[in-house]
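Chain naming follows the written order as A, B, C and D, and within any one chain the residues start at number 1.
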Amino acid sequence: MSALLEIDNVTKRFGGLCAISNCHVRVESGHTHGIIGPNGAGKTTLFNLITGIYKPTEGDIRFRSESIAGLRPGRIALKGIGRTFQNIRLLNNQSVLDNVRIAYDSQLHYSPVEAMLRLPRLGRDEKQSIGESLELLKPFGLADHAHGLASELPYGSQRKLEIARALALKPDLLLLDEPAAGMNTGETADLTEFLRWVKEHFKVTLVLIEHHMHLVMNLCDRITVLDFGQPIADGTPEEIRANPRVIAAYLGGTGDED
Amino acid sequence: MLDDVLYLAQQTINALQQGSIYALIALGYTMVYGVLTMINFAHGDLFMLGAFACMLLAGVLTPVLVVFPPLLSFIVILLLVMIIIGVLGASIERVAYRPLRNAPRVSAIITALGCGLLIQSLTLVIFPYSKSMPSLFTNTTFQLFKMPNPDAEGASVTLTITALQIVIICVSLILMVALDFLIRKTRYGMAMRAISFDSRTVPLMGIPVDRIISMTFLIGAGLGGAAGMLYALAYPVIAPSMGILVGWKAFIAAVVGGIGNIRGAVLGGFILGAVEVLAVVVFDSSYRDLISYSLLLLILIFKPYGLLGQAPNQKV
Amino acid sequence: MSAFLSQLARNRWILPALVVIGFAIAILAHYQPIFSGYTQIILITIGINIILCVSLNLVNGYMGEFSVGHAGFMSLGAYTSAVFTTKWLPDIPMLFPVAVIFGGVMAAIIGFLLALLSFKTRGDYLAIITLAFLMIVKSSWENISYVGGPAGLLGVDKYTTLPWTFFWVVVTMFVIRNLVYSKFGRAIIAIREDEIAANAMGVRVREAKILAFVVSSFFGGVAGALYSHLNFINPKYFDIMKSTEILVMVYLGGISSLGGSILGAVVFTFLFYQLENLGLGYWRMVILSSLLILLMLFRPRGIMGMKELAWFLPKLELKERRQS
Amino acid sequence: MPQKNGRAWSPVRTGYVTMDGVVRGEKLGGEVSKVDASFKLRANVPEGRKRFSINQSLLPRRNSLSTKAIPMKNLPILLGVLVLMALAGCGKSSEPSVKIGLNTELTGEMPAVGASSQNAAKLFVDQLNAAGGVKVGEITLPINLVIGDNGAKADQAAAVAQRLITQDEVVAMIGPNASVCAIPASDIAEAAKCVMISPWSTNPKTTLDPNTGKPKDYVFRACFTDTFQAQVLAKFTLNNLKAKTAAVLYDSSSEAPNAQAALFKETFEKDGGQIVSFETYTNGDKDFSAQLTKIKSTNPDMIFLPAYYNDVPLMAQQARSLGITAQFVGSDAWSSPEIIKLGGAAIEGSYFCNHYSTQIATPIAQKFMADYKAKYGQEPDDVAALTYDAFGLLVEAITDAGNLDRQAIRDALAKIPKYDGITGTMQFQPGSGDPIKSAVILQIKDGEFVWVANAQP
C-alpha cells in the first residue's frame, strides 16, 4: 500500500541557496514521523513545501497518492493536512473560540447569500460549529478561556490552541513544528502523553519537527534526519541512535546557525 | 522628417522637466516609507509649502541678494527652503506621527492625511488667491535648432530649452545623486537601511532610531520643499491646492518604481513624466490620464511590487 | 447614567424599534413638510455617507486592505443608474430601485476585477492600484460624451427620497452585518490578522477576498446611484478628494465597527454642513482636519475602533459573549 | 570541541533561552521583550516582519467582536457638541426685511470670483439700505443679505441653494456665478419655484431644462451666453485679427471652458476659419508644454484659451518659452484683474471677450466704479458689475411686483422692459431668462484692460 504522504525527490532553491535538495520522505498512514536535524537543515522549509506556502523547484509531493505540489495552501489544508507553526501564528485579536471556529468553518456549507440574509441554515450550522469547537477545546484545557483573546493565553496554551485549531480541520495528517519548544522536561513529558492521546483520539498521522530528543525517541515510529536540506538517515529511533552519520552531523557541527 | 525629430526632442525635454520634479517628490514618499513603512500623505502639501516659502523668501531676500549673482541667490534660497520645509516635516513627525508609532499603522496614515488637509487649509486661510512667483533669474530661452516648417511656409520649427529647465533638471539630478550617496555610503544611510530592515532589533544595537527617523523626515521633506520651489519657478502661479494632484502622482511614481527603493522612486518619477507626455504626443490629449494611469496599472499588474522593489519574501 | 446607557446598549428591541420609527418619520417627512428641503438633503447625504462608510469598512476595516478607490465605485453606480433612469428605462419612479440595483451590479462587476488584482498584491501596492483605478474611471467619464462628458449627466430625475435612502441604509447595514458575523466574515477578518495562518486553517482566502470586494463595491455603487438621483453628477465630483472624505469618515468612526461607521458618517457630514452654515469659509477645513488629527492622536482607532454596538451583534454571537 | 557542540546542538540553546524566556516572561513581563528580541534574531524575523508589516499594522488590539465596546463616556460629550453646532446654526434674526440669498464661490477654485461677487452684493445692499431699503407696495423694507459659500463645487452649490430657498426662505437667490455651480443650483430653484439670477454663468445649459430643452421659468442671468460670446469672438478674430487658423487649449474637465471651446470651434469653422488643433488638459494641471508643443507644430495664427484667470498665465508663459508667437484670445473667464498680476509680459497684447469695460462706462457705471473703488480699493471686475446688475434687476422686479410673493417677483422680472445696468442695457427675451445685451472686446495692454470694440447682438 502506498504511503499517506510521499515527498518524492523534492528540491527547493531560494535564488542561490538550496534549502532542500532531492529530498525523499515517506510517511506511512497511522505513524508518528519525526523530522530532526540541526538548525537550518530545512525542516520548516519542508513543512512549508508540504503545506504549499512554497512551491517545490523540482520533484513532487503526493498526499494519498495524489499530487499536491503547487496547490494553494488553502486547498492543501482542506485536503486534510493541518499544521502548527514554529513561531506561533494565532489570530491574536480573536477569541480562543473564534480561532478554532475559523478552522471549523471549512465544514460549514451555507452559501454567501444565505449568510447575507442570515437564513435558518446558517443559524443551525453556527450553533453546531460553536458546540463542537467548545467540545474540541475541552481536552486542551482551553474551554474556560474560550472567550478570552488568544494573545492573552500563556505560551504553553497558545501552542495547544494551535494544535486544537489544526485538529478542527479534521485532518488526516498533522504537521507539528517544534511543539515542545520552550517547554521544560516535565511539560515535555506531558506533551508526549498528550500527543499520543491526540493520535489515538483523532486518528491522525503525526509528523513533527522537534529538538527534544527525548520526546522524539519516545513518540516516533520513524525518524528522518535532515542535514543541509538532505535526508542523511531514515529509520526507527534505534537505527537513528546508532547511525554514525547522524552523530557526525550533530557533534561534528555544521557551523550553520540561521 | 527632421522636424519630427525636433518635435520629439522638444517633447523629451518637457518629459524630463516634469519627470525630475515628480522624482524629487517621490523620493520623499519612498524614504519615509522605507523607514517607517508609512505613507506620509502630508508630503504633497509640504511640497506646496516649499513653493510658498520660496515666494516669501524671494520677496524678503531679493533686496539683500541683488548684490550676488542670480545663481548664487537661487542656491541660497533653495537651501533655505529645504531647511525650513525639512524642519517642518521633522516636527510634524515629532508631533503627529511619533505618538502613533505603536498604534495601528493606518491611524498614522490617516493622521498624515489630516496634517495634509490642515496645512493646505491653513495656507488657504492666509493666501486665498493664487500667487504669482517672482522669477529668481532672467529665464533666457535658448534656441538649440531652427529650421523652416515644411508643413506651413513662413513658419519655423525650433528646439528650445530654457535656462530654467536646465536648472531644474540639473538641480534635481544633483540632489538625487547626493541622496543616493548619503543612503549607500554614510553611517546615517546605513542606520536608515538597518531600520527599514528591522526596526525591532536595531535599537538593541544602539542605533538612535528616533533621531534617524527625524533625519529621514528632515531630508525627505527638504527634497519635497526643493521640488516645490523648482515647480513654482517652472509654473509661477502657485495655489495652496497645488499639492494634492502632484502629491498623489508622485506617490504613484514612487510605488511604480518600487516604494522604499530610492532609485525606484527616481525611475518611477521619470517614467510618469514620460508616460504623461507620451500619452499626449501619441493620442488625443483628453485621453492623457486614461492612457497614463492604465499604463501604470499594467506595470503594477505585471510587477506588483514595482519595477525595482522586490516582493517581500515571506518567512514562516 | 453610564449603567443606564449600557442597559440601553444591550437591549435587543431598540434597534428594530428605531428602524420602524425611522421609516415612519422618513415617509411622513416625504409627504408632510416636517423638515425643510435643506434638512432633507442633509439627512439623505448622511444616509448616503453611512452606506459608503459601512461598505468601505468591509474592505478597509474588516479585511484590512487600504482601498482609496471607493469614489470610483460610487461613480460607476451613479452613472450606470442615471443612464438607466434617463435613457434606457421608461420614466416611472417605481423603476428607481431597479436602476439602483443595476448601478450596484455594475460597480460590483468592476469590484470583482479589482479583487482578482488583490490576489497578486496587497497593502500599499493595492492602494495604488485602487487609486489608478479611480483616476481611470474618472477620466473615462470625462471622455464618454454619451454620459455628458466633463459637463456631467444632466436632467437626472430627483428620485432619491428620504424613505428610499433610509431603506437602502437599512439593507446595507443588514447585509454587511450578517456577512461580517458569518464564516465569511470570520474568514475576512482572518485574512487581515494573518493570511498565512488563515490559509493553514483552510480559509478559502480568494473566495473571501472576492466576496468582500464585490459586496463593498456593490453598496458603493448603490450609494452612488442614490447620490446621482439627488444631485446632478459630474466626473469632477468623484475624485481623490471624495475618496479621502470617505476614508476620513470611516477611520474617524473606527475600523471594523458598523456603529463606528454610522457615527463617523453622521458626525462628519453634520459638521461639514453646519460649519458651512456658520460661514467659516476656509476655516471649515482647518477645524475638520484639526479634529481629525486630535482624534487620531487620542483615539488612534477612531471613535469606536474595533468595538461594536451590542445592537448590531447577532443573538448567537451575543450569547457566546455573554458567557464570558 | 565542547563549545562548538554546545553551539551546534541547538536543542540545548533553544531549551535554555525559551525556557528562561517563558519562565521570566510569565512571571515578570519586563524581561520578555529582551529575550523575545534575541529569540526573534534567531528566528530571523526581519523579512517576516516586512512581509507582515501590512497585516500587523492593521491589527486591532481588542477583540473585534467584544460588546462591552460602546464608549459610553464619550457619547454624551459628542452629542453635546452636535447639539451646540445645531444651535449655532439657527440664530436667525426676525425683524421685517427682504431676504435675498447670495450663492457664490467664496472658497475653492475661484475665490476671486466669489469675493468680487460678495463685495458688489454688500455694496449694493448697504447703499440701498442706507437709502431706506426696497419699496414693496406701500412699505419700504431693508434688504437682509444671506450669503452661502458653494466652494465652487456642484453638490455644495445645490445644497446651499436648498438652504437659502427652503431654510432661510429668501424671496430670490442671486448666483451662483460659475456654470458648474449654476446648473445644479438652477434645478433646485426651478423645482422650488424661486427666482434665481446668475450674474456670470454664460453657459446656455444654465437657463435650459435639460430634459425638455425649453427655457426654465425661474432661472435668469445678467450676462450674455456662450453662444453669443462664441459668435463675437469668431467674428472678431476672423475679421479684425485676420486669423485664418486657430488652436484651442482648454480644461476638458470643467464645464464653462468646455462649452466655450466647443462653441468657438463650431462658429469659427462655420465662418470660414480653420481649427488646426484642439487640445485639452485636466483640471489642476500646471504643465501644458506637451500640448503646446503639439500646437506649435501646427503653427496656428491664434490660440483660444477659454480658461480661468489662474491657468491662463501659465499657458501663455509656457507657450512663449516654447517660441510660440501666435496671438492669444480668451473668454470672459479671463476678466479678473488677477490675470494681469499673474500673467505679466506673457499675456501682454492678448484679446478677450468681456461683459463691460471700465473705459466706456456710463454715468451709473462711473458711480459704481467710484463707490466700489472707495470701499474695496480696487477696480471692480465684471463679476462684481454683473452681480450689482443682478441685484438691480431683482430689486426693480420686487418693486414692480409690489409684494414678496416669489411667483409675482418672477413675473415682474420677466416683464422688465429695459434695464440700464452697469454692464449696459438689458432686457429678457420673451419666455427666456437670457437677456439681450452687448459684449465688449478688451485687450491687455501695459497691465490694463483696454477697450477695443463693442459687439451688439
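Worth a mention:
The definition used in the following text is that a contact is a pair of C-beta atoms (placed from the backbone, for glycine too) under 8 Å apart; a residue touches a chain by one contact, two chains touch by 3 or more.
Note that this is a predicted model, so its numbers are computed, not measured.
With steps allowed only between chains in touch, the distance from subunit C over to subunit D comes to 1. Chain-level centrality, scored on Cα centres against the all-protein Cα centre, points to C. Distance from subunit A peaks, on a Cα-centroid basis, for D. In whole angstrom, the spacing between the mean C-alpha positions of subunit A and subunit C is 41. Note: centroid distance subunit B to subunit C, computed from Cα atoms, is 33 Å. Averaging C-alpha coordinates per chain places the centre of subunit A 63 Å away from that of subunit D. Our note on geometry: subunit B versus subunit D, Cα centroid distance of 28 Å, whole angstroms. Shared interface positions of subunit D, i.e. residues touching 2 or more other chains, are given as 44-45, 48, 53-54, 58-65, 107, 252, 282. Contact of a single residue of subunit A with at least two other chains is seen at positions 53, 85-86, 89, 92-95, 98. Chain contacts: subunit C has residues 124, 139, 142, 189, 193-194, 196, 255, 281-282, 284, 301, 306, 321 touching two or more partner chains. Considering their complex, residues 3, 7, 10-11, 14-15, 17-18, 37, 104-106, 124, 128-130, 132, 139, 141, 143, 149, 151-152, 155, 157-158, 160, 162, 164, 197-201, 204, 231, 234-237, 239, 241-242, 244-246, 276-277, 280-281, 284-286, 288-289, 312-316 of subunit B touch subunit D. The residues of subunit D lying in touch with subunit C in their complex are 52-55, 58-76, 78, 82, 85-86, 88-89, 106-107, 147-149, 151, 153-156, 158-160, 162-163, 165-167, 180, 183-184, 187-188, 191-192, 205, 209-211, 252-255, 258-259, 282-283. Listed in rising order, the residues of subunit D touching subunit B in the complex are 37, 40-41, 44-51, 53-54, 56-61, 107, 109, 111-112, 115, 252, 279-282, 284-287, 289-291, 293-294, 297-299, 309-311, 313-314, 317, 321-323, 338, 341-342, 344. Of all the residues in subunit B, the ones that touch subunit C in their complex are 33, 39, 96, 99-100, 103-104, 106-111, 113-118, 120-122, 124-125, 128, 244-245, 248, 251-252, 255-256, 259, 286-290, 293-294, 296-297, 300-301, 304-306, 314, 316.
Residues of subunit C that touch subunit D in their complex: 1-2, 5-6, 9-10, 36-39, 41-42, 45, 62, 64, 122-124, 139, 142, 149-152, 154-155, 158, 181, 189, 192-195, 231-232, 234-237, 255-257, 259, 263, 267, 270-271, 273-279, 281-282, 284, 301, 303-310, 313, 317-318, 321.
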